[in-house]
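By letter and in written order, the chains are A, B, C and D; residue numbering begins at 1 in each of them.
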């Protein structure tokens, strides 16, 4: 077990005071890597937050800022023990097992004018990997740097082996958001699961509320792994990784269990399943949605199953992490509009302004 | 091997004449089920088409029109040997192994003012099945009838166990389109694969061009399995099934191999992979896209891998059939616009009017 | 559709006569490849057999005898359309859907004093493949020749890159045995399924009775793909392939359905499941065994589930073919001895002498 | 994080003394469940052992002894947070990351004259589960008690729904043996992985040496989950569970990495892979074996791949846990006899007497 206290040097306001806004100083990118937090569960909280807090903070990129040039390789500049550092964990006051934490993303902005992507040996959907263990050699380990134009909201793809340049829309998101897992487990920030974690879905963007079931007192919320942009599936295993300045509203829904992560936007409700094989991730997301809609619309399970079968979108989140993630996404409009979690999303949306 | 000649009683124009339009009479729904075609490969062609033909035809629904009431069960009115009848096969003149057939969907209109969905014992994503063989009993076998309002473009969901009614947008598509498989195989119309078949993707709609690699002389094109609407994944295994009146432009791209099905619309290029586990369907679709974009943009494979990782959408098509299907979908706009297959889609689009 | 009549030039005795022994001349290895049979289903029968027939025949190796030297590569000397030729199909007189064919292996002897194994690009358990589609290059394509010492019952492994030589016990078996599939399908001899086919289990050896459910009139039995020896899983995708002289007793169990292949020896009963992912092959084999033992011992399904959980062996058959195969194997002794299929195995065993 | 010190009340000899034997008092089955250890990693060591120690200890059964009658249900008498308690962890003196711990099983004897098996809702290979999430109801939750006759070496199966009784050979083993995982993770004792854990292979029996790579200082070895007998695959998810009196020799191989667990007996070398889907567990085990044999016999990787393909057995270990386990097993005899890990197994075997 590691003690991650001080992983970020915050100038926290007293978290016991009445104020509902919390800010902290800049992330210190020169901090020793071993002092950062790379797990969900297992680390001491860096601060305590009241439900309803507007938290402004920063996150390091998945390489902790060490990978900055196309001439560098992850295997040269990164320690495999120290990947994907998280900001947190935050102790949510009053959070108990059986409750649900709600995290509404108010703002996610790249800190810098560049992002980075790579191929990592034996990692990614289209190569043999640690678990899909093959005898093939690794694919080449390469690094791409993306210029990020925050004014124009573009990230600039530049091919390595040709002059091709393509501007792609900036679409900032967090790859990871999660709480401490159940069963006393401590899980690497590289893995997703029922506690959230490394789901790597582009749906985790501004305007989204993420609901996570609480497994331990205080929930122990963390997030990180900012992406300026990501394709669905995160095929090569690495998005356009960048440090983020992010503001989130953190709230609590008491006495409501959330077995797997749920998302809500103004337009959609979503469930996220994480498992292998990929069809099990699909099954988790879609059974969760069937049961959720049955509850929201007072439908029988079979009627809800039928409705989901005709109404759901099923975008893939990641096919590269230790387990894979699939989203089930249903337009609220098709359901005659619904207000789950006692209208928490609308409330946070209003509060976000 | 079965002889399917006369599976549809066409009043075909002479397919050797110059005309490029072919029409036929109505589908005869009282025809004996054993005379219809339920396979890709293995059946005699019902007509020969010149490349460039505008074909107006009809397709039966997946239950061959036998399931018409919520009081019926598929297991009572359907013979498991006679599910998902196809219209075709059509012999495409000049098609040889190594060529690609292009099918552009000009019009797909429900023939009737109703569609049907069901749950089928041991079939669907959220139940044990023939291959995911478990000891659980089957889920209830139920039938839902959807009213289809072709004026308003709506299909009406009506719950069985409550009074809930929800109008859903009509979004007509064909679940199956395919050619004869390679290796002398004959495959059930219930299965998808490299030859197309039962891919069950909502992307197979008006405005889409579907490219299929030719495995045998004449290609032997068939299609069917109309859906007035379908959720991604086709979770319960059955969409809003209905007979269709469809018009397609059938064309040929000579000397171009297409290992797995590819789709094109004005806005997107797409690849479709079909396999189990679901991650293999993803891998097929995404490797195909990597190689396709590498070719279209003269990129190295690694540069294309990187680009696909940030640019692709990955909607799931089906997680219920004998193998599962995943689509990889890239906006042409992000690629600086591309014109694959020598501009065939644009050509057919123009021709469709 | 192909016509495979005359695939083997037999000097068949009249199959309508009373005699219960059928022999034929040597396999003609110079026969044109396109005249051989590479499918289950889809080919005309080469002979008709009465139930109870003792059939002495031969099978070509999976490369049809074309690969004979370490200096050859499969991709140079083989046509991918013409792999794994089968001996058959045999029309079993009186066989109807709903019956079961029983094939007892009396003798399986390598025809020659050598066998061959290879690595085939994008084929095998430890490489990317057509369906586990990756961006890695293929593994090297290599050929190993094994000397087969039929006197000493040894096959001699000789390393290519060193002088290491290891004698391994000869353990002859047939990789494929099957009947025509259901649903009018024609399946490549490279794939296994409910009809048997390319199961590639070392259990298919002398002394084993294989039970296969009949899907079409006459069953259309074929077999081939002789292996002088094979590891479980057939990891690289290719065993010690060799032509075989084999004698089998072919019989019929009327009015008995066999949904998936079952095997019996003096000591064990076995079920075989073929599917992807591999756990589905396991699930098929083990649910089949649960239901079989429930029937044999008049147990409830749950009691049988418990018994199988403590009594079964689960050797893997293949993890390389288009779908994978797992065997569930239970010692009859642990069940207090059982005599399934009305004692057919004991009967054939006695008849074999 | 939990403190598990005192999980077992040992009367340990001073572990710093010269003696190489360590014993402790009986397991106290009335101890509060929350004081036991249910994880690999995350718990304080209960004792420190010198390499070469002969450790005599006891393990509780997976239900911590709470399930003792066919009238009880696991869901009634067990807390899901407190399943599968482990004996340990033991701090192995001198063990550092990069070393390998060797555990040789000298004796594994059921403590009591009974064992217990059950079906657990949504757990097991032949039912929907938490990850293979389906809409089906759970299978019945049932409990079977086995009489264990230690004299006759039999466990007695008694059907619940009939009078059938079957004696099965006793074959004691440990389902779990493992060390602390890498990446600061803490993993439930219900899951297997590269650190060992809940592999549930019948190969973990008397006479076997288990090699585990060390991830943290002291390795933190634990084991438990005794089975009086288990079928391969542990199909229903529960073996014949029983408390054990076990004696193990614990030793250390310095400066030798072991990425995934390896086993050795007098006759075989084995590798164990744990992952989902099941083919990935197979791939891990078999690539590990290919690389191991390449090293032991100075073969090229491709020559070793070929040899493993013809020589390996592939028994399945479990298809019920959070990830599945497959064993690759090669007779040493076929390899001309090999002595891996510098002959550590032979040394421990001799020491065991």
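Assorted remarks:
Note that a residue touches a chain if its C-beta (ideal position, glycine included) is under 8 Å from a C-beta of that chain, and two chains touch if they have at least 3 such contacts.
Just so we're on the same page, UniProt names per chain: A, B, C, D = Acetamidase/formamidase family protein.
Fair warning: this is a prediction, and the values are worked out from it, not measured in the lab.
Between the interfaces A-D and A-C, more contacting C-beta pairs are found at A-D. Mean C-alpha positions place chain A and chain C at a centre distance of 49 Å. Centre-to-centre separation between chain A and chain D, using Cα means, comes to 34 Å.
Of all residues in chain C, those that touch two or more other chains are 126, 132-135, 139, 276-277, 283, 286-287, 290, 302, 305.
If each chain is drawn as a node and touching chains are joined, the picture has every node linked to every other.
On chain D, the positions that touch chain B within their shared complex are 126-128, 132-137, 139, 277. Of all the residues in chain D, the ones that touch chain C in their complex are 117, 119, 125-126, 139-140, 142, 144, 155, 157, 159-162, 164, 166, 168, 229-240, 276-279, 282-283, 286-287, 290, 297-300, 302-303, 305-316, 319, 324, 326, 334-336.
Remark: chain A residues 1-2, 38-39, 41-42, 81, 131-135, 182-188, 190, 273, 275-277, 280, 283-284, 286-288, 290, 301-302, 305, 323 touch chain D in the complex.
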